[in-house]
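In what follows, structures are represented as structure tokens.
Two complexes come next, and they have one chain in common, chain A, joined by chain B in the first and chain C in the second.
Take a look at the complex of A and B:
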């Protein structure tokens, strides 16, 4: 039987809003990874001594670094939201509605972040 | 009476090297579905337009098509909602086109067969007994009508046709989750293989487009846990 299969091009994800948000979710991982490397670099510099750590801290205050952190923060928030949104699908069936699992995850993130900020700033 | 332009993707394997677009001006009333629009074309404008249909009420799963780029059933979507148009009607994405809007489903049918979609095990002496809670475990998955909208929605299937895909894996889970079934061992190889559940990246569009409220993304991702358990617990099995 002769058939015709339409090729899937590299721009398949631009065709539909659902796909675009999916790709945005996947792309946000790149920024989260970069942020993790910056934190690791801080740990490494801490091991080298107080001057090294202060230099790392000074580098964080540069405008480029601040801009990166703002972008990374937005993406982390979006990524966390998508993470908890699909969480009910990835776990065994529980006797609670999906919305409660999603809400539980989001509230836990807010609580942990608030506790961390409280400790760091207080 | 209002009318709307239906832009249909045409492909005749005997004369066309590639698909082409053809427009039809279809008069419609408010109660006319997209499928009825296609039937109007076939009856009054162009008898050569080919498409599948049967029940006209979202039960048979035959009339799936891409409507303005989204996988949908022609019978349960209405022309009035696409007015003033135009409405683009294409065959389901990711499948080989046989002719016009008719696609070749044989790849899916082979996959469906591979998941052994039937109850396996020794039947009891009397009737099967099942509590409502046990039925709830698999009920939504049993609503699948094999319409293939989920495959047209799944980019992973589009990029790699070896991926077992949403409906077949949802139906696999439908039997594994059934308290009457004892065939899980036989189905684990399908789940565990490279193109089984691990081919899924949880785009989630399959569950979004399902016209019967089945959640294939959930079935697939719950079986990632099963597959991981199967991998690690194999050391403790005889």
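Take a look at the complex of A and C:
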């Protein structure tokens, strides 16, 4: 038996705001992947010695790189927010209110970020 | 029934999603914005020392590997979302790139 499959167009998500935000979040994966490759390139250059590592750092200061990282930052923050927002639904049921799980996630991000920035920039 | 490999890739996706949700914003800001603008005292010496220490090696490996498994797994599903029919070969390609990137990172860290 052949069942009917409703055709799907690649633009279905432009139809309403909820879908657009969904695709905006999905876009974060492209930036997270590219970011991982930028770090991998940095690791490779680090192994080549001081000059190569400085060249990698200089490339990071190009306008294209800065623009990429600003967009990546916005998308990663949005990914982070959505990750914890849906957490009450993605993790096993806990005997605490949903809001507490989301708040716990947001507090964890702030605490981890503060500790990381304190160490890295200090 | 053949055992599904879904739990493995979903766990890696989930672990990478959690790690990038927790540390991603601070990490991208630090290495991509503050570092090139001169706000981070990360010279070759400090970076090299960090990558030589055991904790540093594990941290760098987990960030690169899990970010890749997270990003490429979600990308695989986004291809479907864009109305393109996904095949097992495409699944192998997306996860394969993540595995290859992880292997390269591990090799670089071990030989550093």
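Basically, the second predicted complex is superposed on the first by the 114 of 122 C-alpha atoms of A that agree within 3 Å, B and C clash if a C-alpha of one lies under 4 Å from a C-alpha of the other, contacts with A are read in each partner's own complex, and residues count from 1 in each chain.
What we mean here is this: a residue touches a chain if its C-beta (ideal position, glycine included) is under 8 Å from a C-beta of that chain, and two chains touch if they have at least 3 such contacts.
Computed from a predicted structure; not experimentally measured.
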Revision key, fill the gap. Partner touching more residues of chain A, chain B vs chain C, is chain C
Exercise for review: With the two complexes superposed on chain A, say which partner A:32 touches: chain B (first), chain C (second), both, or neither.
Suggested key: second
Practice item. Answer with first, second, both or neither: which of chain B and chain C does A:43 touch in the superposed model? Key: second
Exercise for review: Applying the touch criterion given at the start, work out whether A:76 contacts chain B, chain C, both or neither, answering first, second, both or neither.
Suggested key: second
Exercise for review: Answer with first, second, both or neither: which of chain B and chain C does A:8 touch in the superposed model?
Suggested key: both
Exercise for review: Starting from the residues of chain A touching chain B, keep only those that also touch chain C in the other complex, and list them.
Suggested key: 8, 12-13, 26
**Study point:** In the complex with chain B, residue positions of chain A that touch it
**Key:** 1-6, 8, 12-13, 15-16, 18-19, 22, 26, 86, 88-93
**Study point:** List of chain C residues in touch with chain A within their complex
**Key:** 16-18, 20-37, 39-40, 42, 44, 47-48, 51, 60, 63-64, 67-68, 70-75, 77-78, 81-84, 101, 104-105, 108-109, 111-112
Review point. Of all residues in chain B, which touch chain A in the complex?
Key: 11, 13, 16, 18-19, 69-70, 93-98, 104, 137, 155, 158-159, 201-205, 207-208, 215, 217-218, 221-222, 224-225
Point to revise | chain A to chain C touching residues, read off their complex | key: 8-10, 12-13, 23, 26, 28-33, 35-40, 42-44, 46-47, 49-50, 53-54, 57, 60-61, 65-66, 68-70, 72-73, 76-77, 79-80, 83-84, 105, 108-109, 112-113, 116-117, 120-121
